[in-house]
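Below: one structure, written as structure tokens.
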Amino acid sequence: MPLLERSDWYDIARDTNWTPDFVPREELFPSELSDPYDIPQAEWETFDEPYKVSYREYVKVQREKDSSAYSVKAALSRSKFHDGLDEGWASVLKLHYGAVALTEYQASQFQARMVRFGPSPSMRNMATYGMLDELRHAQLQLYFPHELLPRDRHYDWAHEAAHTNNWAILGGRHAMDDVMMCRDAITGAIMVSFAFETGLTNLQMVGLSTDATNMGDFTFANMITSIQSDEARHAQLGSPAIEIMIKNGRKAEAQQAVDVAFWRMWRLFAITVGIPMDYYIPLEQRHLSFKEFMHEWIIRQYDRQVRELGLETPWYWDLLKDDIENHHHCQQGGIWSWRPTVWWNPPGAVGPREREWLEEKYPGWNDSFGTYWDVITDNLLNDREEKTHPECIPIICNMCQIPISNRPGKLWKARVYQHEHEGRRYNFCTEPCRWIFTTDPERYKKHESIVDRMYSGEINPPTLDNVLTYMGIGVVSEGGHDGHDYRWIDGFRAQAAE
Amino acid sequence: MTDSSDFKPLKTWSHLAGQRRRPSEYEIVSTNLLWSTDKEVPWELAPGVHMNQWYLKYRDASPLKHSDWNAFRDPDEMVYRTYNIMQDGQETYVDGLLDEYNANDHDGGLNAAWIQQLAELYTPGRYLLHAAQMGSAYLVQMAPASTIVNCAMLQSADQLRWVSRIAYRTKELSLAAPEAGFVDGERGHWQGHAAWQGFRELMERTLVAYDWAEHFTALNLVAKPAIDEAFVRQLGSVARREGDGLLQQLMDAHQTDNARSRRWTKSLIGFALEIDGNKDVLGEWVTKWAPLGDAAIDAYCAALPNADSAASEAKGEVEAFRADLGLGR
Amino acid sequence: MPDMDQKRRNSVGPVLRAGEVADAVVEAIQEDNPDKDFVIENRIAYVRVETEGECFIRQETLSEMLGRPITMPEVEINLTSFAGRIETTDTYMRFYLEKEL
Amino acid sequence: MSTFPILSRFQYDCHVKVVEAEAAQTMDMLAEACAYHSIGLHVADQPGKILRVRPTTDADDAEPWPRDMTVAEAGIKYFDSIDIYFTDQSKA
């Protein structure tokens, strides 16, 4: 006789709420950890995750996924792929693993919050798989770069980065701790599962796989798309939570959670995905521009999903569209200029052909970002390498912790958005980052950016060496240098010779 | 800054490079993964934020102390991919059991009295194990080292495994005995039947024991052993006597997961007992929680048919487990 | 680009890792949704399959196209993402939108 | 300490930079200090033009401070954002 189908017994396994008698319910599900919106338990029991799986199916399917991911890795390990690897692609890997590996691990702790404090048993079960998924992602993304350690000390950052105070890591931790680690189960489900995992993770884990395949890095392409297949499932924890919120008169709160989380993640992902796609990947291997991927996955698909659930397009959507044309170009410049502060070797990668591509994909690039690189190119062509290293630092945003920048050149838009709160002045990169602060000043007000720390005495004295040491440079590994040893200016030499 | 010549390529992570032997896959992917234990303020937000206060109070200020929790190792060295390989095999075995008994119309051969016992004493167990799933997940959030977190994570998943299998059996039994109250009756039994009230009190109180180490003690030294011995082992034995070979074999399969849980529990206790003062801390918690565990066992076993010695056997086994950890009463 | 953003605003469908399962899905989904026009975008590492409003992947058809039996949970191995809402059952997956914009 | 950080919003530069200012500096000196971190690094020089300093405002339309006014006299404080911008000799 055939075994039962999953649907025959699935609902029984998620019918596990009971009424506590020995301890008060509010002690069992404290609102700050569970549901701060006072939505009745019966409402949460209507939670129905659209993407279902059983334990039995889970261990079987996940075993197969891993079997595939690890066998592709083994095959590539035996090949000579990493010998003579382009340093642009190596930078993608170094940046990716350093930013992602331990973040995935903390995500398993966040999923555990939903397992323990989720008011709906369905949510608790789904999040149990989510928790395991994130363990998988952390372990894959530690095991794979570990093999690269004998090639390059920078790969040690896959494990160490999150333990340092590197400026890029402070940005990552501040955002992740805000959106993921310091939220109740419900707000977290909206912020992480919906706003993050149905949106921007697609860029990093699916969009980037196209470039990886073009590079011949099938291990990486296979790994990240396999990771996203887990995310696609457990991300579905978010939409029922949003719908229950709206049904119970909490649309405004759900909207704010989505808008805050999306913007915070956007500011990070433009760096970890946008820069690789438009600069680090050699021109011949680029498929679409970051902007094109953003329009495919975010402007069209994510926004559609937001509206499908009954929320509105975020108020800052026009600002986002502008930021898509702008933010990662600025940060490519900043990261390259301050390359000794990062754990990868960012290529400038703006030779004549690359500039032509950038101008085509981002009309106006030459008049704006081009002027910035003109000065740098001129310095390099005229043996003034030292002038490519600034002696000062950029001001850092008190929300996203990223250097405050905007379009240079004719279209000059660089500006700091300031805000006074209880006698302290805060500096923000954009209107949305400032807005996020005002939604909950208590949450953010005591935090110090790395620039604040240079003036508050935490980094004392704030000499260049001390700041670099504070950031883990010269501690975990050396900092970065131009990934192509400035070969990208050769095209200009050739032009000049003609 | 260090001279660049110090940065030779590595064979393993710098934090493992000091040890003599080559690190295992387990160590490479499992050790020192928490960033929230690096600094005085756990999370990169204002120190006063509720979650920072929660971690400072319930994790960092726990009376159970160790200067290097990260040195803990899971004796099974379980990683995600080996867990799935192992559990896929275990689940295939359970599928086989269910298929085989189903083919022989096992449920049709059960007597009415036993079916009633199953409805009252077996299928409501999904609430019990789900509570253990939630409690284990609390440890995932709060344990001070990733190697401890991982053990708790797989323990939480194991509970869901058996919640699912109980749900599966609940449906099967409801088809065999539509009048016995399966599917809809379990919550009433869990909340009202005398057999479950000890367990329910134990689990509700365990779930609000928010100090991470007290939670671990209540869950892994008291509640889970009580569940393992009374619900899994004693009910399994009764099933054997009642001719319910399927339940007996399911419970035997369940014990495999319990044994793994006990192995890491024993290792973690041994690790904690290296530090002066921890024995007293753990001893006090055991003294506080063990009576609740005993009461749960007593209440549950009293309801088991023809099982006069069940409670004393179960309590004896639980006590022996703790004695083996050096924490006998 | 704004044109594309506007035109396909009610698009739904799976995004699959390139490979034999993706190829089989592309065939099966068109067979099972004969009244629909599909846009199939090959992005080298992944394939985006989209249509307006609603579409199904059925286990039976997919197994036929693949030439071997496949369960719906096994589709997850290659289902890296999707547009729209999802419904997962033992015998089919459905991608759909409730609101038309 | 007589120096303190101000935010240099230097015309045409991509980044807003932290530059040390001194109370006794004139605006010309402050402009020069800011220029040191932008011109020739990220911004092309414009020989013949004069750099002026004004408070940052939303519309970029504030009056510049007199070139010989000091930082203290202008009331520029810790982490104030100021614009440094190119002007024609005649307008200066």
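Order as written gives the chain letters A, B, C and D; numbering starts at 1 within each chain.
Here, a contact is a pair of C-beta atoms (placed from the backbone, for glycine too) under 8 Å apart; a residue touches a chain by one contact, two chains touch by 3 or more.
Source: prediction; values computed, not measured.
Among all pairs of chains, A-B has the largest number of C-beta pairs in contact. Taking each chain's centre as the mean of its C-alpha atoms, chain B lies 39 Å from chain C.
Here the CA centre of chain A is 35 Å from the CA centre of chain D.
Averaging Cα coordinates per chain places chain A and chain B 33 Å apart.
If you average the CA atoms of chain C and of chain D, the two centres end up 57 Å from each other.
Contact with two or more other chains is made by residues 60 of chain A.
Across the assembly, chains come into contact as A-B, A-C, A-D. Looking at the complex, you find that chain A touches chain B at residues 1, 3-4, 8-10, 12-13, 15-16, 18-23, 27-28, 32-33, 54-56, 59-60, 62-63, 66, 70, 102, 105-106, 108-109, 112-113, 115-116, 121, 124-125, 127-128, 131-132, 135-136, 138-139, 142-143, 146, 149-153, 156, 159-160, 162-163, 170, 173-174, 177-178, 181-183, 442-447, 465, 468-469, 473-478. Looking at the complex, you find that chain A touches chain D at residues 330, 333-334, 337, 369, 371-372, 374-376, 379, 387-388, 390-395, 403-410, 412, 414-416, 418, 425, 427, 451, 455. Note for the complex: chain D touches chain A at residues 5, 7, 9, 11-19, 36-37, 40-44, 56, 78-79, 81. By the touch criterion given at the top, residues 1, 4-5, 8-11, 15, 17-18, 43-46, 48, 71, 73-74, 76-90, 97-99, 101 of chain C touch chain A in their complex.
Of all residues in chain B, those touching chain A in their complex are 1-2, 4, 7-15, 25, 28-30, 32-36, 38, 43-52, 54, 79-81, 83-85, 87-88, 91, 94-95, 98-99, 102-103, 126-127, 130, 133-135, 137-138, 140-141, 146, 149-150, 153, 156-157, 160-161, 163-164, 166-168, 170-172, 183, 186-187, 190-191, 200-201, 204-205, 207-208.
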